[in-house]
Amino acid sequence: MENTPLLMLGLPKGSLQDSTIKLFGKAGFNISVSSRSYRPSIDDEELDGRFVRAQEVSRYVEHGYFDCGLTGQDWVRENDSDVVEVCSLVYSRASNKRSKWIIAVPAASPVQTVKDLEGKRIATEVVNITRQYLKDNGVNAEVEFSWGATEVKVPDLVDAIVDLTETGNSIRANNLRIVDTLLYTNTVLIANKAAWENPAKRKKIESIAMLLQAALEANSKVGLKLNIEKSKLNDVLADLPALRNPTINRLTDEAWVAIDTIIDEKVVREIIPELKKRGAEGIIEYPLNKVVF
Amino acid sequence: MENTPLLMLGLPKGSLQDSTIKLFGKAGFNISVSSRSYRPSIDDEELDGRFVRAQEVSRYVEHGYFDCGLTGQDWVRENDSDVVEVCSLVYSRASNKRSKWIIAVPAASPVQTVKDLEGKRIATEVVNITRQYLKDNGVNAEVEFSWGATEVKVPDLVDAIVDLTETGNSIRANNLRIVDTLLYTNTVLIANKAAWENPAKRKKIESIAMLLQAALEANSKVGLKLNIEKSKLNDVLADLPALRNPTINRLTDEAWVAIDTIIDEKVVREIIPELKKRGAEGIIEYPLNKVVF
Amino acid sequence: MENTPLLMLGLPKGSLQDSTIKLFGKAGFNISVSSRSYRPSIDDEELDGRFVRAQEVSRYVEHGYFDCGLTGQDWVRENDSDVVEVCSLVYSRASNKRSKWIIAVPAASPVQTVKDLEGKRIATEVVNITRQYLKDNGVNAEVEFSWGATEVKVPDLVDAIVDLTETGNSIRANNLRIVDTLLYTNTVLIANKAAWENPAKRKKIESIAMLLQAALEANSKVGLKLNIEKSKLNDVLADLPALRNPTINRLTDEAWVAIDTIIDEKVVREIIPELKKRGAEGIIEYPLNKVVF
Amino acid sequence: MENTPLLMLGLPKGSLQDSTIKLFGKAGFNISVSSRSYRPSIDDEELDGRFVRAQEVSRYVEHGYFDCGLTGQDWVRENDSDVVEVCSLVYSRASNKRSKWIIAVPAASPVQTVKDLEGKRIATEVVNITRQYLKDNGVNAEVEFSWGATEVKVPDLVDAIVDLTETGNSIRANNLRIVDTLLYTNTVLIANKAAWENPAKRKKIESIAMLLQAALEANSKVGLKLNIEKSKLNDVLADLPALRNPTINRLTDEAWVAIDTIIDEKVVREIIPELKKRGAEGIIEYPLNKVVF
Amino acid sequence: MENTPLLMLGLPKGSLQDSTIKLFGKAGFNISVSSRSYRPSIDDEELDGRFVRAQEVSRYVEHGYFDCGLTGQDWVRENDSDVVEVCSLVYSRASNKRSKWIIAVPAASPVQTVKDLEGKRIATEVVNITRQYLKDNGVNAEVEFSWGATEVKVPDLVDAIVDLTETGNSIRANNLRIVDTLLYTNTVLIANKAAWENPAKRKKIESIAMLLQAALEANSKVGLKLNIEKSKLNDVLADLPALRNPTINRLTDEAWVAIDTIIDEKVVREIIPELKKRGAEGIIEYPLNKVVF
Amino acid sequence: MENTPLLMLGLPKGSLQDSTIKLFGKAGFNISVSSRSYRPSIDDEELDGRFVRAQEVSRYVEHGYFDCGLTGQDWVRENDSDVVEVCSLVYSRASNKRSKWIIAVPAASPVQTVKDLEGKRIATEVVNITRQYLKDNGVNAEVEFSWGATEVKVPDLVDAIVDLTETGNSIRANNLRIVDTLLYTNTVLIANKAAWENPAKRKKIESIAMLLQAALEANSKVGLKLNIEKSKLNDVLADLPALRNPTINRLTDEAWVAIDTIIDEKVVREIIPELKKRGAEGIIEYPLNKVVF
């Protein structure tokens, strides 16, 4: 009764679920899920999908149950999954900060470098990454799997932890010290190798990648329009490189031109006062849904 | 102290209240209500309004207490109200699905067609619509008024129900089977007949109708701008009819033009990859508040 | 470790806190506060700030702890603070209603005018403003400070109250009658006198003022685009002064032009029906983030 | 697969639902309902039940779908149902206040007595009770069915309302005046006439009635224990009839006795100070789950 | 229409409101308030009451609007109210900790004793208490009224604060150091002096005091029953003084006795294992509502 | 500054956390946790504790970091921990249902017995228990660790799952069929082997066990008192064995006796009507906090 969809997507359940649905929505794909369900409804006949734990997405992309999926680079590596990494998707480009897996010890611990972990006990959710890291550093230590809340286990239960941190707040709140960084990670779109070789599937995956990136790009950009005297135009464009390649239109008053361009939202608060000082008029900033350069 | 407003609006209380306030807001009329109040404040001196149950709006429009009002077509018909139907307002054009009143029986019931309801007992919130439907089909059955939660009354309390359904979820959840559809319904703007003959009132009602429709239209449309080589312009416009009649501006680089147009949000995910493939640059999508073609 | 910021901002805690954070965000400054904290984090190295009660901002701006601050005109006057009023910031320009301090009595009270308050007892949060008002009217009355919930104190505890009201709802709900209005008030940006004489600080304060006003201005403005026959252009512009100085572009169909302009959101509901009547096509309204004329 | 239960109970959905489930729980019957369901699960194999609107319970008890049910006396009368009223169950005996249906008009209305309603329009949820009341008073008036929120309909939509009130708060909040009381009402346990004649069913209904009443009784009763000199015992029992038939135990100190009894919670605040004055010691009050005299 | 009640109670609005209503309920007086109302309904015809800010209760008790009231000792003293303090009511006897007003400075401040505050600026909600304290210590300092959130005002806005603390958490969270304690405080029942001289009113106030204290006492006590061999009774009572004066009953088995007594909840976890070891059987602990020794 | 506590407790974080805190509270130990903390505060100087994931409690009890702990029997076995099982604690004795780990397949799967799993893929959170079970049955199958939401993985991702179920609701909701039960489980109190050999620690662990069991026992028991004619006593006790060994007191009326006993709450609804029929008077049921037989 149902058609077979072209692509099966693996979507990350849990902390990334809401932001993933929102990102797809902005990209033009409406994903709706009833609570407790893992089978979403997607308004594109070529797509079907499932929500599974982020930790498990790459396993099922590799096995071919999913044609492509969203997950963290960290879990692709922890699972040692043989998949194609299509593109990175840093959900919040404004901060431009990626999360990282770090090895941490109590602030007062004698451990200063990875070498000092010889013979110690380490708790982590990423047992394989941690074991490889220790091996690369020629260190023997006991690595035990942690079911979560890893940061509270030192110093009582273990000597060190390998945990994920974005802002470092949790590290500081538990009075820990970072010894080393094992891995930077962000969300990635990955594809099954056979699906990537299939032209129809690959074209669809690339379209999805472009639209997701266009939606992310628009988060940190705004549109800016203004009118300025034609005689001042060249100086303004030379002095304000943030304005990039604007669309320039003639106005009925031939001495003035209208500029329409896309700029980083972060520089607006510098640019507007400067433009006003140089005599710009009718300056407006407007929001964007998608940007593709 | 207060002026007499030109128009008195009847607004639907309950499940439609929030979406109605939002729609009027997008159309340019800010309606504010304190909780538990039924007297909203509207920022247009020509308008006053009241929130009443959707079931009762048409009654008070007919009697002239309201000059116009928003309600469902179903309740206009159930009340047999003698009013002018100004326009339909399908709140969610994306789905394009209207609600419908259906007659349903338990999945295992022997009833297969309306004829099989002869002598049966039927519960519904729309007694008049149901009686007329049975009469039209030459069926004698007992119709009783239901205070709500009608769908749980079969099979214990009655033999069949006439109930409203949008998605059919409630029908399935209660293990019912639809026998027939009595009526499709959506929200309508209705007017009192005398008010409609009064030129000043009619002009105002028509303005409101146009603005509500413009706001609804914008829900499914977006603005799209892009730059493309002038030499490719004709082919693009010919191959992508969704771009419709775009505004085309010359740029400082004479070999390129800037396109600005309005398209269905649903086709953006097809159009952007295609435009990119044909060499378009600086593609942006921006949101709209109102659209009037 | 931290640089000394150029400017210290006084921000109003309490009912204005969320809307102030939102306004600064729209102006381009992201203020984040952990709950219960009064030290916000601001993403501009030149700025630091503190949240204090709106009642106290002007006191600390005058004393020089803050270089500038946001508060109500009422509290500047109640505190009799010697500060520079940089600009008004009416958060909700749409309603254009400012709050006011009124003197109210029970609906059934014999008090009709301020003169009838001779010898009575009055509770209020603004003792100084109230005393000055009574003095200006030659009335002797006992004014007592109220910790809040002033409106429920009459008639049991006092004879009259001086209280803040925006919509009058609370006045009506407590069955009170307004005798007189003492003061209209809205939010203002104020500066310390010495800071205002410091060129670097003054330039920064003026930038902030411009961007806050640009963000507020955008709340009540929208972008409007439309196509119209060139032959009708002059009449339309002459008859609809709200369209102001539009950007006018030629279209591929030489008989038509495209208009792009900024107008008050309040007039859109008048303008669109009029434009449609005059043959305009492709009318769209789009949202704005900032507007600087 | 399921046995046919001995009794089918009609339970009131809506505002009474939670307190009904709690009362049955205290009586020893655990009723669990999944949200949105009307088929509860009851931990007694002899019982099955359904939640329906309180307005409809008596109708279905009369028809025999339910053997017994809980509903308001008002709805039994509005529906003119021919059923057995087994016992009253005043859920909150502490206040001893029953709800009442009153006729109300705007505070400023000229209507002073029921006679002044001649020719007026009245909105109510209890059309039959209202019509009978008017007829009994020889008044002709138009009675229209109201879907709810009746109290906001005067004076714009109707001249008077007949509405339910417990505390009168809503009446005052809407600035209404009560003209007359039509009916006092409380919850009742009712039985189908045939079920009542069936000995097995009647025995079960009487057990349920006893346990519900025992649980309600315990709401307003507490246990009281105290020690008192034997010589004062007779005077205390004579002067404090509220102590009723206490259990009296000898203590190791032969000059004292221990008293254990059940009293109205309402009189505890009178009794304890009196007992203390007469030299009682070790006075304790303890809570009860059920009381059967 | 309403009777004049014997006593008018002043009840504390705000943070103490819910616990006060609960305490009166346990004492036998049901107080109900609709949200936003300050006129409660009390189920005792001799009582009426009002909820006002705790800071203002003693003022209106002194003036005679209230006959008695609940408030903090601190506010009685801050207001310098001439009232009778009937009894203390430490709401949480388990912790036995009273709140205190302390003077605090930043952890790094040079201020070590009250003497070091000479010439400093201090913010507080209790201006009078603070001024008296400074005068008693021969210190001149500027005391300013704080509208709240006092703890965040140092060191930026003032040099020191006088603030209320129960656990010291807020002091620590703001990195402050306590210099001195000005005042310990707990809730008190206070009476108007004239009311206290009126025998009928005084008797009622004393009854209320006894019942409130009995309810508080029961929070930390439980009932304990057990059976034990008569031959072991004396040793058990000698070794376990916590059992106090139990009621001892003979059982049908003459070799055993039943004990019923009241003990501190805190010692139950020591007593039960000890009793079990000594051969006690049928040990049960039951809850209490009120205890008067 | 802090004393070393006698015992360190391991407490289960997550779904069992709130009910564990409540159970300890009823047993007489108040455990308070600030949000996000894993170090609770316990009002017993001999105790300290930590909240860790239930899956990890037995590992750290075995290693000696905890002296005793609460966890599920399933995790003791999955971790193959060498600890002492002190007692079972079925949190909800009323239902008397323990949770169980079952192996389930899609309703339509050809798998009928464990033998049919040969060569299949199975997802589970209990990899060791599952591997042992398969080995015991001579079956070779691939077992993969599941991070959660295991029940939605069949049939798409794996052939079968081993998952925990209490009511079977989730099994039915996902249209699965149970093939076999691997393990019944409930909460247990476990002790470290060395701690159990230490007399002081063992005594404390046994006290905690007794008090936790006493609190659990009281959940399903109530106190029952009644008066009955002495002549009927023997028959009543013979016919109603649920009354067990009651305390029987003589009353002032020598023909009657007072009975006080503890019975299962479940039988109250049968016993009370029966007692009433036999002439019992003054029947009351009262609640219990703890019961030790």
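Labels A, B, C, D, E and F are assigned to the chains in the order they are written; within every chain, residues are numbered from 1.
Quick note on the criterion: a contact is a pair of C-beta atoms (placed from the backbone, for glycine too) under 8 Å apart; a residue touches a chain by one contact, two chains touch by 3 or more.
This is a predicted model, so every value here is computed, not measured.
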Query: Between chain C and chain E, which partner chains are common?
result: none
Message: Please tell me the distance, in whole Å, between the geometric centres of chain B and chain D computed from their C-alpha atoms.
response: 44
- request: Quick one: report the Å distance separating chain B from chain E, using the average Cα coordinate of each chain.
  value: 58
Task: Quick one: report the Å distance separating chain D from chain E, using the average Cα coordinate of each chain.
output: 36
Query: Which whole number of Å gives the spacing of the CA centres of chain A and chain E?
result: 54
Field: Shared-contact residues (touching 2 or more other chains) in chain F
entry: 249, 286-287
Category of the chain touch graph - line, ring, star, complete, other: other
Query: Using the touch rule from the top of the page, what pairs of chains touch, sorted by label?
result: A-B, A-C, A-F, B-C, B-D, C-E, D-E, D-F, E-F
Task: Provide the residue numbers of chain E that touch chain C in the complex, in ascending order.
output: 13, 38, 50, 52-53, 55-56, 60, 65, 147-149, 152-153, 156-157
- line: In the complex, the residues of chain E that touch chain D are 27-30, 34, 41, 43-44, 206-207, 210-211, 214, 218, 221, 223, 245, 247-249, 260, 262, 286-293
Parts of chain B lying in touch with chain A, wherever the complex brings them together: 222, 225, 227, 249, 251-252, 258, 265-266, 268-269, 272-273, 276, 281-287
